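Same chain, two partners: chain A is paired with chain B first, then with chain C.
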Partner chain A sequence: MKKIINDPLKVVEESLQGLLYANGDLYEKVPDACGIISKERNGKTAIVSGGGSGHEPMLSGLVGKGMLTGAAVGNVFASPDPYTIKETIKAADQGKGVLCLIWNYAGDTMNFDVAEDLASMEGVKVSHVIVNDDIASAPKEDKKGRRGVAGILFVAKAAGAAAELGYSLEEVKEAAERANEHVRTIGIAITPCSIPGNPPNFELGEEEYEYGMGIHGEPGISRESLVSADELTEKMIGDLKEEFGDLKGREAVLLVNGMAATTDLELYIINKKACELLKEAGVILYDNIVGKYCTSLEMAGASVSLFILDEELKRLYDQPACTRCYTQKYGKDG
Partner chain B sequence: MKEMNAANVSEMMNYVADQMIGKKDLLCEIDGKTGDGDHGMGIERGFTAVKKFLAEEQPQTIREIFGGLGMAMMNSMGGASGVIFSAIFLGILKQPEQEKLDAELLRGMCESGLKRIKSAGGADEGDKTMIDALAPAVRAMEESEEREIEELLKTAWKVAAEGAENTKNYTAKFGRAKFLGERSLGYEDAGAVSVSIIFQSMYEYTRSLQGGKQ
Partner chain C sequence: MKKIINDPLKVVEESLQGLLYANGDLYEKVPDACGIISKERNGKTAIVSGGGSGHEPMLSGLVGKGMLTGAAVGNVFASPDPYTIKETIKAADQGKGVLCLIWNYAGDTMNFDVAEDLASMEGVKVSHVIVNDDIASAPKEDKKGRRGVAGILFVAKAAGAAAELGYSLEEVKEAAERANEHVRTIGIAITPCSIPGNPPNFELGEEEYEYGMGIHGEPGISRESLVSADELTEKMIGDLKEEFGDLKGREAVLLVNGMAATTDLELYIINKKACELLKEAGVILYDNIVGKYCTSLEMAGASVSLFILDEELKRLYDQPACTRCYTQKYGKDG
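Now for the complex of A and B:
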């Protein structure tokens, strides 16, 4: 597949440098490691995430005031190594400890596991929460086996807000766990993606789509003939509702996330139907986010996340945040 | 050959690295059937770092060679395979310091590595992972009383290759392929194939030291 690159092995390094040039006001590079940290460090509990590249603007896009303190950047679709993660943890730490938010993939959990051991040996207090919001990847009974995808936005938002409010590492962890329990995502894909230097990693017929597709091209639940945007959205919202049970009167944030090749024009069509269906179900939409947040290289597709609020999560959601992915200038009440 | 000196071990691992790097496309292709198709790229990064370590650091002892190249792999590959594949060689750190590599030290290194891999990843035999090649190879090495290094490696390779072939019959339970369920049947696990090629390359090198033919 054609790509605008120099060398497949240098894609991440070169792209990260470009990102740093463009955002010198927001980030600093972690010395000697492929990671970035926020310039906004204020003596509070720090939050670090990390994962493979290819999902831009995530995860680096979540770094900034009120969300992540740092992000360890891996190669395309591959977890960063333990050294990179450990250095990012150390750079982010402000003496109050570091909470790691980890997408649930074998590579990420293993590398973070080693990195956390290394960081604690160097005196950093560190803990983690594993994000697993993708309902297509394992049944309800096996929530722990599910992958992490776009819903990490809300986990980072809650954890970051908790840290800003001065919560301890333990309390920030509780906030992140609470957010993870309250968010679910389902995605679809209509075209494949390819790792730079590789052929496409799956095939989809001209008239097909994959329901439940993962953000690395992992096969989903089923492959079907492409139907209209409204029918796709009905299926996605139906499965999300099924997860939560009765949502009548509940407040929620809806995120319609586009994979890189899907236009905003299409995303808003999905969003229109999703909003209408949720309103019909009696859901009170507290906020509605539409755009490209968690992508999968050049894949075309979309995911829908539903974040159900309770009093505590609403309080955290209302705190101000300023990152490339997500901005809430004065807080919801401000 | 019952013993190998550090210079030969270093040369052997450089040969293994060349062979692995040469298999990049094949490994990516196999991985693409059930995973995200990047296993070969991780292997290429890891073994390129191994070559660089051997050339620049000039490690002098068996422990420095395997320990150092294990760290080089862990800190360059990323992904699940970085932690897992480096563990095979980092198994040397649990063994007594020896001036030369013999069959006992090789067995011990692989045994400790396997133990660490099982505890880190939580996978076991039959889960369609590299363990399906490594575990039977380690078992065969334990059961064999062979003291000739090349013969021991030949056994490990044959058993590992069979183990890799058998992964076609398993449903993936770990890594990204697990999300495929039954759809992963019929394809080999790329990590298991890599284990087999590592043993094969080690065998080929020791064989060539003897002046023998492949």
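Now for the complex of A and C:
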């Protein structure tokens, strides 16, 4: 697979430098570690996330006012090491403690666990919420076994808003848990991706798609013949509705996320059908986000996330936020 | 080529509906025509652009406060017809006249020409500026023969700011012309794209790239063996510098634009080298934008644009803007 890179082993390091050049007004580098922190640090509860690279603009794109305070940056599709995470936690802390938002993958949960212990030993009050919104990765009864994907956008939004409102670490954690309980995601892929310097990480036939594909190319629920966008969307929305039960009269935010190579034209076709199906089911669309937020290198595909609001989540969602990722959509923050 | 679509002939129509669902707070549809207009219409000189689809988020993504008032939407890689453009012009007009910003392609310039005549006959004062920033498409001496690509971002920014400041149609046109004179772009492709329902629109070998590729897959200057990101960037920045002559001490905005499938990781690697080369040349980077602004369906590749500022352009660049496309980067606008 052709890539526009120099050395496959220096992709993340060089890219991070390019990111910092472009966004020096928003971010600082964590001293001596591969992480970034927001310049917007205001003495409140801090929020840190992190994970492997290759999902840009996530997670670094969520750093900024009203969302994450910092992000630890791992190699492509690999968790950041405990030292990197610990240094990011320390850099983000403003004396009120740090909540970590962790995508549910073995490497990430393990490394964050060690990092939190290390940070605690250095006097930082730290806690975490594990994000597990991908309904394809484990059955409903095993929610804790599910992977984390694009839905982290809403968890970071709720936690960030809670922090801005002056909530304590425990209260920010409650807000993040509440958001995580209220968001579900399902994705599809029509082409694979490849880690720089490596062959594609799986193969798909010319007429096939993978239903429930993970964001690192983890196998999904089934491999099927590609059908129309409307049929794909019906299947995805049907499975999301199944998770929540009766949604009539409920307010929700719909996120249609592109994996990378899929064009905005395709994403908006999915969005059209998804909106229509949700309206038919009586869902009140409070907001609707379409774009590339949680990608999988150059994979073609998409995911659909549904974030169901209650009064508290709606209040948090309405708070201003200003990050590279989220301010693509001027919703309630205008 | 697999796509997530329904009917290849309905891609643009369905996608536009999905776009309007997601952005009902920002846009209205032009009545009875395939175009969108900003809800932010404030009695000032209006600005309309338009062109074929497949370059999303452009051009619709430039519609909003401080940039375009409206965009006429053509089929994939095909100019909107004169009726569509004329209706978009009429819908955008607020009595102060309409400036059209036209990418320099035969179909677009011809259809805008007819549309402007039709709109004039219906009483709208209308004028235009043709955008031709792609240095690969014709030699320096034939600037008017060059195609328009990602640099339209800066032309729309300058024109939109001028309109917001209350400039007349003639003055807004001058601002757009000045911006167009000060921006140059060069692009590369490493994979082709394909119009929905069609095979790829060209072929590239496993180790090849095309230097100077157009955004519809038009042939570039040369086809060569793929080299490192740094070497590609040196070539692109070298050719851009050649256009402007001595840039020592000049202020500029650098835009590194992804064609679609190229990851943000790769774009930031290009950006790192581009920033370093420009700094070495004595350029003062006033702002630096990295992301997918002017795409070519699912093509992998990138373009680099350099926008040289003078006092007037800097003043215009500093004005607030709020669109889907431009507010990805929080630069001088807060």
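The rule is short, and it goes like this: the second predicted complex is superposed on the first by the 328 of 334 C-alpha atoms of A that agree within 3 Å, B and C clash if a C-alpha of one lies under 4 Å from a C-alpha of the other, contacts with A are read in each partner's own complex, and residues count from 1 in each chain.
The rule we apply is simple: contacts are C-beta pairs under 8 Å (C-beta built on N, C-alpha and C of every residue); 3 or more make two chains touch, one makes a residue touch a chain.
Source: prediction; values computed, not measured.
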Chain A: partner with more touched residues, chain B or chain C: C
Which superposed partner A:E218 touches (first chain B, second chain C, both, neither): first
Which superposed partner A:G52 touches (first chain B, second chain C, both, neither): first
Partner chain(s) touched by A:E170 [first = chain B, second = chain C, both, neither]: neither
First, second, both or neither for A:V76, with chain B first and chain C second: both
Partner chain(s) touched by A:E242 [first = chain B, second = chain C, both, neither]: neither
Which superposed partner A:D142 touches (first chain B, second chain C, both, neither): neither
Partner chain(s) touched by A:A106 [first = chain B, second = chain C, both, neither]: first
Contact residues common to both interfaces of chain A (with chain B and with chain C): 76
Chain A partner contacts - residues on chain B that touch it in the complex: 28, 32, 36-38, 41-42, 44-45, 74-84, 120-121, 174-176, 178-180, 183
Sites on chain A touched by chain B in the complex: 8-9, 52, 74-84, 105-107, 110-111, 113-114, 137-138, 145, 147, 195, 197-199, 201-202, 214, 216-220
Interface residues, chain C side, partner chain A - complex: 2-6, 11-12, 14-19, 21-22, 25-26, 53-54, 56-57, 76, 188, 190-191, 196, 206-207, 209, 226, 228-230, 232, 256, 260-273, 275, 285, 288-290, 292, 295, 297-298, 300-302, 322, 324, 327-331
